[in-house]
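Structures are listed in the sections that come next.
One chain, chain A, links the two complexes that follow: it is found with chain B in the first and with chain C in the second.
Moving on, here comes the complex of A and B:
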């Protein structure tokens, strides 16, 4: 028999830990780029590996090998720390989400709250990354990211609590367990919550209707303008891992998660559902054009937050489960 | 071919800079990025920030006004970097070569790796230039 410690170590390092999640992150970036290209009548990456499958990996390798420039005026400590945080926070958050089987690698009562906290930390780190670059474009991008957070954070938190209230638990693994036990997905009971959650994740991921903090046509490259080389590679990988996190959260909270205790079936369900979630996010990003920052915040406070509160009221009246 | 070289040849990201041309070359560069030619097939994407880019694509002759900015942008592209001069103006200054406010081609100011002639060059010609650059990267 293999000792338990070795199994735990392998789970964290290989499957469903770091190696699997990072490979999945590269894969979903490819899915995202390829589908976006198809929707725009293009081919997308084609010659790097089969159908361009290795393109995100090639980008990563290239960026790792490039010169790493730190601006003279930048706050060097925070400037170097921000990319590390931007990669490690989504990776840590992914450990709370069940991937293979009904239980996540780390699971405790209240991990949903911890995950919301990590989401906020990611947005704050984006702001710090922009601010510590001390370039006018980065600063504007960072401030926009912080502003945008004021818009989407509250409705997102409200609708993430929705499934938790219905399942009477604050643990993501147990929410998935509830859905498996009752053979019911929360998307059928809380469709408004699902729609708002997808909308807010688009803003969190800085995908197109809400890519206001990056806004390539207005402020160069937004908060990441001054980053190059290794740091940019980490930021991009962090963004990809965040995409996996978003897809797996949609899966766990609203689509029933990997609803099987058999590992092989569970991972199959997980991959299928997260791919569907990525396809949904990419399609939305291809459909829309960018909002202005004031439109985004006004829209969030005028329409999205009241709708999220309506969803909470419906759950309390007994329509949410 | 080593892993590093493979990565570099498979994902050359470009930044596009007009130094004072008539905009025809810019339209052709953009046409190369659009669905009909779609150079994302080769892993090429256009980036907003010079710090993210590998290849500086320059169109137009170097004017007195823009010289410092061009050098500044070139210096902000992280190593290893390369430059493509697109169009006759970027190669020699063409009809503007004798103007009081024009220095001439791009190579009077920064080193150029690949020249793409034409006024303006077709998107096919620009793609051919990029392929030449990739071959150069493979060899060197």
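Moving on, here comes the complex of A and C:
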């Protein structure tokens, strides 16, 4: 028999751990780019690998091999640390989400709260990245990221708690377990919550109606203007991992998660549902035009939060389960 | 016992930092090394002459949203952790929040 520790280590490092998650991140970046290109009547990635499948990986290697420039005025330590954290926070968060099977690698009562905390921490790190660059474009981008967080954080927290209240647990694995056990998906019970969650994830991922912090036509590249070389590579990879995180959260909170205890079936369901979630996010991204920051915050507080509270009230009245 | 230690939150966090660091160091080994000229390490400025200095963030316009954020974040947290408590505790807190919202409303109009 293989010792238990070795199995655990292999799980963490290979499957469903780091290697699998990073490979999946590159794959979903390809799905996102290819679909976005198709929707905009372009070709998208084409030459590297079959249908350009390896293009995101090639881009990553290219960025790693480029020169890494740190601006003279920047706060060197924070400027170098921010990309590292922007990669490791989403990676860590993905270990709390069930991928192969009904139970995540790390699962405890309250991991949903911890995950919300990680989401906030990512937004704060983005602000620090922009602020420590000491460039006006980066600073404006970072401040916008922080303000945008004021808008989407509350409704996202409220609708993430919705499934938790209906399933009477604060653990993501047990929410998935509840949906499998009752053969019911929360998207049917809490459609408002699902819509708001997707909207808030678009803002968290800085996807197009809410790509205000990195608005290319206004502030160059926003908070990541000064980043280059390996640091930019880490930021880009972190963004891809965040996309995987967003898709797998939609899957586990609202679409029933990998609802099978057989590993092969579970991973199949997981891949199918997360791909659907990525397709949904990309389609929405292609449909809209960018909001202004004040429109985004005011809109979130005037329309999205009341709707999230309405969903909460409906759940408390017994309509959400 | 060892398995518990392996699959624990701090250890996974440590490992994810290590994964990032490895990629970072690989980039440091294989990355191109050019000379640092004055223009290269200056902040990006679209060709304008903009010196690098820290900008003051104007929070006044969004301060009221920050206050609302604080109030509602605590409300969301209380709702989240009120799974097994009787319904009137979250309801009482929601009423307090409603009062805070009503008091803060004139400031929102002005802002």
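By our rule, the second predicted complex is superposed on the first by the 321 of 321 C-alpha atoms of A that agree within 3 Å, B and C clash if a C-alpha of one lies under 4 Å from a C-alpha of the other, contacts with A are read in each partner's own complex, and residues count from 1 in each chain.
The rule is short, and it goes like this: a residue touches a chain if its C-beta (ideal position, glycine included) is under 8 Å from a C-beta of that chain, and two chains touch if they have at least 3 such contacts.
Everything numeric here is computed off the predicted structure, so don't read it as measured data.
Legend: residue contacts after superposition of the two complexes on their common chain; A:69 is shown touching both chain B and chain C.
Judged by the touch definition given at the top, the superposed model places A:220 against both chain B and chain C. In the superposed pair of complexes, A:58 makes contact with chain B only, with no contact to chain C. Contacts of A:84 after superposition on the shared chain: chain C is touched, whereas chain B is not. In the superposition on chain A, A:170 makes contact with chain C only, not with chain B. When both complexes are overlaid on chain A, the residue A:301 reaches chain C alone and has no touch with chain B. When chain B and chain C are set side by side, the one touching more residues of chain A is C. In the superposition on chain A, A:279 makes contact with neither chain B nor chain C. By the touch criterion defined above, A:198 lies against neither chain B nor chain C after alignment on the C-alpha atoms of chain A.
Legend: residue contacts after superposition of the two complexes on their common chain; A:39 is shown touching neither chain B nor chain C. Residues 64-69, 137, 220, 225-226, 229 of chain A touch chain B in one complex and chain C in the other. Note for the complex: chain B touches chain A at residues 3-4, 6-8, 10-11, 13, 35, 38, 40-43, 47-49, 51-52, 54, 76, 78-80. Within the complex formed with chain B, the chain A residues making contact are 33, 37, 40-48, 52, 54-55, 58-62, 64-69, 137, 216-217, 220-221, 224-229, 232. Across the complex, chain A is touched by residues 2-3, 6-9, 12-13, 15-17, 19-21, 23-24, 26-28, 30-34, 36, 40-46, 50, 52-55, 57, 61-62, 65-66, 68-69, 72-73, 76-77, 79-81, 83-84, 87 of chain C. Chain A meets chain C in the complex at residues 4-5, 8-9, 11-13, 18, 22, 63-73, 83-85, 87-88, 91-92, 95, 105-106, 112-114, 133-140, 143, 147, 150-151, 153-154, 157-158, 161, 164-165, 168-170, 220, 225-226, 229-231, 233-234, 237, 294, 297, 301, 305, 312, 316.
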